[in-house]
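Just so it is clear, A, B and C label the chains in written order, and each chain counts residues from 1 on its own.
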Amino acid sequence: MASGSEAAGTGTVSEQLDALGITLPVAPAPVAVYVPARVVGDQCWTSGQLPSVDGRLVTTGAVGDAVSVEEARAAARQCALNALAAAAAAVGGVDRLTGVLKVVGFVQSPPDFHAQPSVINGASELLQSVFGEAGRHARSAVGVSALPLDAPVEVEVIFSWRA
Amino acid sequence: MASGSEAAGTGTVSEQLDALGITLPVAPAPVAVYVPARVVGDQCWTSGQLPSVDGRLVTTGAVGDAVSVEEARAAARQCALNALAAAAAAVGGVDRLTGVLKVVGFVQSPPDFHAQPSVINGASELLQSVFGEAGRHARSAVGVSALPLDAPVEVEVIFSWRA
Amino acid sequence: MASGSEAAGTGTVSEQLDALGITLPVAPAPVAVYVPARVVGDQCWTSGQLPSVDGRLVTTGAVGDAVSVEEARAAARQCALNALAAAAAAVGGVDRLTGVLKVVGFVQSPPDFHAQPSVINGASELLQSVFGEAGRHARSAVGVSALPLDAPVEVEVIFSWRA
């Protein structure tokens, strides 16, 4: 159905993922004490996502130092994909997700690195390419001293959804 | 109508702004990949706001180092004004905003700076002076290693509103 | 009523606290410009909580440096207890709290400390032991350069509740 479609948001989320050539990752397994995503009414709140593929981080280190802005942007995109997968699993399928309400991006930053927005654009652009207008969200991007597993970036997302 | 009124919350939000001698800034223009504020049901979530006036930061640098607590507190107040403007634009007018639910304040802090609450009071006090009792909010204030554009402070706000 | 009960979530919250041998701390007094917790519909949002007992921090300093992971985990547990007390006061009693939706944990971290999740588990495990299945929450854990009063950890919690 999505063949020929280039514009975002013209089909279902899964059609749009197909059109973009994106395969959704397997949702990370729930850990003991918290869950990858929590349904709250008509919202789905993800936990902070790291840029992992098959359980391994794609990059580690501080951005602007060991990690370039471009590498960090790609890592932020991966965080958003993982958030999408976590939310899809929580609501029972990616096509139940209807939009993006909020993104918070934490970037591992030495004090002289100030391009956090450019990094988190990697997440925001992925989400907007999948959801189109419904993907436009409020956002905060900040620089933090350290992240779990030495990840360069961590992203949490609030989606809207309907059954 | 607000003439002579000193008490917070006795009139509309715009009357209260007048009584306080505050001119709301022009809301920042939406950028490509996210929006300055997002309406979510009866709430309005702002993006993280920087202390900019007419597109330029009023101060840059780490608090307790290049930036004094008083300067940072004034910057936090400016962040809150920008949040108010962003939310007003999103809901269709400042008088549709009915209160403040949550503030998160990020303060650019070297490890030995611990007065983040004093800094973020600049935002909280502004919001409470405008909304009175309805402006009392939950809040987190933390110190971060770096912020976009070398800003000393970034503040996001969740408002309540009604049409 | 809870005598003999070891399983989480089998009784009321206060029964479960009794079964765990936990005495809820006195909720911190509201300060001038923000409140310890804010009721928002069927949710209760706490402010960022510090690991204080009777108004004094149980530990200060950076985790992985002056503060061990075990000490920080105990501090995170205390933050969660303070959040529980703040929310209980806001909704009119701990037994009106029905579950935990979200935890955000900020850990004072030098750049080479990466075990923020282990630290924040101190908060998550306490909440899950009190609420059982209803205590499973979305979560973000990040490392920050500095926290108020040199606290090693700050935790905010979103609870669900009903009258």
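Heads up, the rule we're going with is that a contact is a pair of C-beta atoms (placed from the backbone, for glycine too) under 8 Å apart; a residue touches a chain by one contact, two chains touch by 3 or more.
Quick caveat: nothing in here was measured; it's all calculated off a predicted structure.
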* Make each chain a node and each touching pair an edge, then name the shape: line, ring, star, complete, other. => complete
* Check the residue numbers that chain B and chain C use where they touch, and answer same if over half are used by both copies, otherwise different. => different
* Structure fact -> Whole-Å distance, C-alpha centre of chain B to that of chain C, is 26
* Give the residues of chain A that touch two or more other chains, as numbers and ranges in rising order. => 110, 144-145
* **Contact set on chain C toward chain B in their complex** => 30, 33-38, 40, 45-48, 62, 104, 106, 108, 110, 144-150, 154, 156
* Structure fact -> chain A residues touching chain B in their complex are 43, 101-103, 107, 109-117, 121, 124-125, 128, 136-145
